[in-house]
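Going in written order, the chains are labelled A, B, C and D, and every chain counts its residues from 1.
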Amino acid sequence: MKIAVFHGSTRVNGNTEYLTYQAVPKEKGTHIYLRDHDIQPIIDKRHAPEGFPVVEDDHTQLIDQLLEHDTLVFSTPIYWYGMSGPMKTFIDRWSQILRDDSYSHFRVALKEKNVYLIIVGGDHPRVKGLPLIQQFNYICEFYGMTLKDYVIGQARRPGDIVNDQVALTAASTLIHID
Amino acid sequence: MKIAVFHGSTRVNGNTEYLTYQAVPKEKGTHIYLRDHDIQPIIDKRHAPEGFPVVEDDHTQLIDQLLEHDTLVFSTPIYWYGMSGPMKTFIDRWSQILRDDSYSHFRVALKEKNVYLIIVGGDHPRVKGLPLIQQFNYICEFYGMTLKDYVIGQARRPGDIVNDQVALTAASTLIHID
Amino acid sequence: MKIAVFHGSTRVNGNTEYLTYQAVPKEKGTHIYLRDHDIQPIIDKRHAPEGFPVVEDDHTQLIDQLLEHDTLVFSTPIYWYGMSGPMKTFIDRWSQILRDDSYSHFRVALKEKNVYLIIVGGDHPRVKGLPLIQQFNYICEFYGMTLKDYVIGQARRPGDIVNDQVALTAASTLIHID
Amino acid sequence: MKIAVFHGSTRVNGNTEYLTYQAVPKEKGTHIYLRDHDIQPIIDKRHAPEGFPVVEDDHTQLIDQLLEHDTLVFSTPIYWYGMSGPMKTFIDRWSQILRDDSYSHFRVALKEKNVYLIIVGGDHPRVKGLPLIQQFNYICEFYGMTLKDYVIGQARRPGDIVNDQVALTAASTLIHID
């Protein structure tokens, strides 16, 4: 099992990150912190005659890493009841990848991926985070990825997550790492 | 009634824009195209001792415009079953506004706003767009904004929206403009 | 097109019924009022060695009618943010039909059906009715039925529905009856 | 803490029941099996001049029991992506209680209740059970009840639930019973 974790938080060592390490310790997976990468917002050129322009940023490098792993963990704080902007921007650009001849295998390759979600919020995340789970489920369905499971943590202030014993336990048993 | 329309699409004259003009003709509201503005992703500094840094971009100017209107329309294509990245980034930064002493009235001011949503997608948007509606509803609840109503349009290719007669009709009667 | 409308309301000539007649006038479809029929709650015997008992009520007769039509309209007031109890009881019993040798064609036959939903509620139904839409969508997915579209009406007191012009319009154009 | 558990399953000793006993052992709460009670479907008479008729069944007795406890657990198998018919019928009748002069304290009394949900399904319940969670959340919101938490279990065949270790653990720590 090769695990890639995509961290959507913009804060270093935040609650979401802490919870995620219970699921995938630092040394057990490839941890990618989206905040450390330059990812430009998509400009929808799917229907433009010239197609998408080449974008000089880190996106394709991250996609390459994604493709090298069979298990994908998307870890994001709940920002305004959705995934973080950086994670949304990262995923929006998949539309460009789908039109990129160098990645014609992208969609088929994703079909083999197992996906886990870890989301953390401060405002009733066990209920108000459900649309985000549903959104990710649709993303997985689109690609034929398997949404294996998810953990929803509750935390508002830094460090709060240590009090969500249920989430910590759930995270620590989320993925059966060899 | 003073209407501000926030367009989240990254494509000029796309389906979502077309549908939105049925609800708010160009000359009947202040149309703001997020794609034309520099909006930096948030870096969560809510809990940092130094607080949020000043960001040199267009965000506060857009917030100023938002505050000057009583009716807000959020118009976004459905990108991966959520709002577009630029719109998410725009809203994420509200967390920074909430900590900005120059905008101490922000939260209270939003309480008076009426909100409408216009979303357009290609993959069963009438069902798969529902988590996005629910997400926006939670955003409105947080601020005490009134989510008046929404329209979900179906379109995949440029121009497709003209075939969604139900959505066009619904949009044209969405807001009772004086 | 042969349309069967299943009315879940327990009140005669209620708001939901009124809205439904905009979509399917009385003379244009087979209108079945679940309240007029004896439908016993399911007792789950899927795993009992003896199987389901024969139940002496109207359920199979209603299933027979369902099977004779290609277009199914489920019309229900929103009771406690879900379909009405009688409609739930009606659908619960489908589990028994699935095990009934006389209806071995049931699942395959449903695959050909087009489904429409009409739901009416008094407490923010355009948002709080969405889980009910999602539930019906899963039911349709299970059988491979096509969820064509839905209308959500708002009404609290008898007759209120006439004020929901958007819903009335949407209902009247919901189904293209020959 | 006085716990009442309302069991919605129609099958004795099913998976949902097993999971529920992990949360509330038989001797630690008042266990009410809706299948053992006569609960008539509601007939909506909220707007009838004569009001609701007296119904000779077990409903008010169950409501009395509900009111005597401060913690309510609703435990239901997922039938067609919703609560079981008997549980829906039980809750539908609350509309009648709200109009019953003998229960004028009902709505206020519920405000003090803490609610837990335990639901079990066979078809991707961790995703397809979410509308049911959202529905219960709206019910709780209506009454001002506190939806404390929920557990979603996966099981299809009798006994399957013992394999859902995550759900068993979550159930066993769901309620802190004195």
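Convention: a contact is a pair of C-beta atoms (placed from the backbone, for glycine too) under 8 Å apart; a residue touches a chain by one contact, two chains touch by 3 or more.
Since the model is a prediction, treat every value here as computed from it, not as a measurement.
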| item | value |
| --- | --- |
| If a chain touches chain B and chain C alike, it appears here | none |
| Whole-Å gap separating chain B and chain D, where each centre is the average of the chain's CA atoms | 38 |
| Cα-centroid distance, chain A relative to chain B, in whole angstrom | 23 |
| Junction residues of chain B, two or more chains touched | 130, 134 |
| Touch-based graph of the chains, sorted into line, ring, star, complete or other | ring |
| Which chain pairs touch, all of them | A-B, A-D, B-C, C-D |
| Contact set on chain C toward chain D in their complex | 9-11, 14, 35, 41-45, 47, 77, 79-86, 88-89, 91-92, 94-95, 123, 128, 130-132, 134-135, 138-139, 142, 157-158 |
| Complex contacts: residues of chain D adjacent to chain A | 126-127, 130, 133-134, 137, 147, 149-150, 165-166, 169-170, 173 |
